[in-house]
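First chain written, first letter: the chains are A, B, C and D, and each begins at residue 1.
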């Protein structure tokens, strides 16, 4: 019930914020902030209080209620450590988004917060529901408000970006719907029980060919969202055109739903097909790392640059997931959190810069350190995080992923590690173009962070350092999930080997 | 466990200093900043001395685990400090030389607006470097390894307004990152084999896991060598160091001479078991060292920038250390690191004093005659230079370099070629050192001295000058009076060098040869630059291409620009618009074009529509009949 | 009541349908087009009746009744539209009413 | 050859001829009169085929109501003599060619289907109004109601569209400058 409350509070808060904004826009902002903070604190409280249960056999929280019994649709939500960690990330970045929009969004404030909170509700829903029908529902819930966020409050080319985002995600989402229905009917025909329940469907026996196709359907939605090269091209447009809050949520959270989907659904439901596809998927991941890094290096638009770094970082996620070992999986979990924080913060910084100098063009910036060392320092931390400096969260993630991937494929790991060098190149380019070098004309228009921006950025900085030094808090939470998923894949592998031995 | 249990204070103090300066540095007055910056490192140095005393009374290997960092599967590195003789030597140098350089910087950087930032970075550097050498596992070592890289980046680009400095900083960071990535891959390989990244575990398990000379050991060792070569500016990743001189001079002294660049030496010495397993890797280390020391030495002869001369000489001296490592003379390498740290820091600090005194003049040919105007600097610089040139008997550089040369010849893994390379290197070293001293301090005063260093700059110079003479006597060849404090001290950690039997008798001859070569170098230098004015110009004119090649560091920069920088930049530019996006844009374009094409049929004339229906019906019925 | 082969009936329906269709295609006058559509509908109704009479079922006639109903509704709306078009364009030429294009 | 068949052929021929005349006339009223002839002939065919109820409806609704409606409208339009001239100018022989060929092909296909597809069988028995009524208000009740709705919609639509308002032009036909 708690989990439903999380989502319900957000949805109700969104409606309330929309209505209230007719009379008082500031109150609407406060309502949005309060709502997200309530969720944040509640979820942190759960994480802290349920810490001893992480290693237990059950899900931490679970709630089932039959909804449309005739079609086997139930309101079933459940959270394990992984979900909880991602939920906290969601609410944290949600609060960040509300605060960074305080000054930036001035028209249709109520509708903005409505969309913002509903996106968050959709994301939170995706992270907790375990009924595939509801999963698809929430998948759409997070899509449509996001479309409005980009299309209404975005930058100059927002319509194009919004439509592109919508077409990519919607088309891939429909493929997932097909797969969900396919799975539903195959399972129904085999067993006679038609259900969308995740646990029930986990036991479904699907033929090899059918499994492959169904898996591809799921995977399509997730790798477009992740995104994996060559399905990434909606991302730079969407990220660079969205308002700051939109970029933060897109990069920090929406991309994570793709990775979560692969971990939660693709691997456990179709372990055989996943193993078959692993080498291709890892290659795509590495291609993403290198391609994203290369393109990031070539950009002149700050937000676009950061967007391409996301492509690169999500390549690591893809590489890690399909390496199938605990190190890589934990690395992926960490990468989700770390990338959410670091890229989110970089977008916040981009927003802060845009607010001051009204441009995202790197070639117009330069020499800002003198006037605004605080922004400079914060940016430095996140730039270092994005290039994988040890001591910060991203390093832990990339180290574990590559270390795990090494056990799966040497060549791909080496190629992926090359991405680290390119990451260095594009990351330092950010510092050089914005903060170092001779002072540009824009430098006089810069002012250092306001209190409101500090309130957002300082916790993010501390968190990214904290997770770099004490990553074990996250690993403890996700350990059981990771091991369970890994167990499914390993069993499938063992079965395959056994079959091969029995029928040579 | 006595005082050693407070080991965690050693890196923590500089870290606290750094954090304090980062958080509140802008609101502090300069004296407070200075006392935090220098004081934290000073306290850390004191702690090291206390710990050192305790350690000497009870030498052992101490492990202090602070907290469990990561525990995923078999990968369980913790934040743990590992103290043995090797790391003790390193942390002593780091904190002690570091403290002296901090003290020097208090005055040197006194006018700079980025005072707090400077000390924050410097403190952070000391902390990272300490973590690097104290790390009990390779992951923590890698943390320190990258941390020093970051600080090096920040400090080289300290004067960020000048794009050239930023370029040098990025170059340093990226080139070392290339090596670091190789090292990272090496870590993966080690972990895949040993299921652990704990240094002790790896070193103790390696000999039983890998056969002597097995190819996998070679690969692992070479990958680590990649990291070491990057950090220590060895071939083929050496070309960042001369540019790194763009940073403030104390930075060059601390990071790019005394400590960070020797991290590679530390790494190889620390992982000696792995390298011993692979003769190929050992030979590679030796050859890399030998070639580097030669090419850097020759480059140093042609430089006109005071700091670049020293930078190339640093590369060259580290080449000696690699040579020593390559022939298995582990203690000799560390000994040379020890002496080099003092005399090279001294030389850099002296250079800083000169540059500061001459309004940031870097060109040695516009100096001259400083002997009388900056006497303290001259004397101390001379001590350092003598040590660098390995002036026989009285300087520490002589003893450490002699030790390396001896093992290069006599060591089991040594060879004639390596020895000759070392010998030629010694000649070149003496030559460029003499050139440097003569051009800078003798002759006419070309530039007027505007500012004389105060006590906070001269005191470190004096201390370091004394040390660069004295520390040599810690390890004296046994045919003199046999002091083996260093190798004895390190004996528990590093294997002793094995020498060919029956060769000890030649030691005298070898020492004599080395001394003669050094003196010969000094004499040539004297002859070319002092006794016959204009001769060096003549030589330069005679071989312009060679001179230019040596001046440019043998064209590695141009080569790398051509091979890597240009293609990547071109590729990034070319694909800026995202080629893959073109596919989707193409699809969208086709859809729009098709829409336009079909839309023309919707012309509003009803009879056409009816006709369309009829033709459609006709087609369907025809199909129905035919199929 | 016997012995009318239904293919004759169907052929008759076909011929009438064709004639209506030719007329729709060639006419530009919108009232003539409406009339032609009526012919075609009627032909379709004939086909239903023929089929219904073959099976001796009422369904054919019922379908005819529905077609009739539809034709009535269509004619009423169509004629109203024709009136509007004529008032608007002062002509009955369909080609003049081509503004609804893509 | 029995009488039924004879009547069928005769009235069928009348229907075809009348229809041809409908589609070739230039004068609308003449065309409508031929259309009535065609409908009446078809009504006979219906009767012969054993559908007396349909025959009656054909006469009453088609030939009666619908055609009369069209005539009313033509009268309302108050067309002049030149309408006939215009019709003549539109119906040049050349416009017949394309549709003629198309329809010939279609006719040939229909004939092929009918003659080759096994549509044998004879109309045997009459189906009277009683059966039709039973069936209509039995299984087809919903369809009847739907037809009612359709008629209602048609009535309202016709009323709405046919209203003569001076200024207000229906938006479907609104002049827009493009």
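In this section, a contact is a pair of C-beta atoms (placed from the backbone, for glycine too) under 8 Å apart; a residue touches a chain by one contact, two chains touch by 3 or more.
Because the structure is a prediction, the values reported are computed rather than measured.
Visitor: Have a look at B-D versus C-D and report the one with more C-beta pairs in contact.
Guide: Pair with the higher count of C-beta contacts: C-D.
Visitor: Just how far, in Å, is the C-alpha centre of chain D from the one of chain C?
Guide: Once rounded, the distance between the two centres reads 4 Å.
Visitor: Once you find the CA centre of chain A and the CA centre of chain D, what distance in Å lies between them?
Guide: 65
Visitor: Distance from the CA centroid of chain B to that of chain D, rounded to the nearest Å?
Guide: Their C-alpha centroids are separated by 98 Å.
Visitor: Just curious, how far off is chain C from chain B if you go by their C-alpha centres, in Å?
Guide: Centres of chain B and chain C (C-alpha means) sit 93 Å apart.
Visitor: In chain A, which residues are in touch with two or more of the other chains?
Guide: none
Visitor: Which positions in chain D touch two or more other chains at once?
Guide: Residues 98-99, 102-103, 106, 110 of chain D touch two or more partner chains.
Visitor: Give me the residue numbers in chain B that touch at least two other chains, ranges are fine.
Guide: Those would be 611, 614.
Visitor: Which pairs of chains touch each other in this structure?
Guide: Touching chain pairs, listed by label, come out as A-B, B-C, B-D, C-D.
Visitor: Under the touch definition given earlier, write down the residues of chain B that touch chain D in their complex.
Guide: Interface residues on the chain B side: 611, 614-615, 617-618, 621-622, 625.
Visitor: Contact residues on chain D for chain B in the complex?
Guide: Residue positions touching the partner: 98-99, 102-103, 105-106, 109-110, 112-113.
Visitor: Which residues of chain B touch chain C once you look at their complex with the stated criterion?
Guide: Those in contact with chain C are residues 599-600, 602-607, 610-611, 614.
Visitor: Quick one: in the complex, what on chain B touches chain A?
Guide: Result: residues 22, 26, 67-73, 75, 79, 117, 139, 142-143, 145-147, 150, 153-154, 157, 160-163, 166, 170, 173-174, 177-178, 181, 184-185, 187-189, 191-192, 568-569, 571-576, 578, 580-581, 583-584 of chain B touch chain A.
Visitor: Show which residues of chain C lie in contact with chain B when the two form their complex.
Guide: Touch residues, chain C against chain B: 21, 24-25, 28, 33, 94-95, 97-102.
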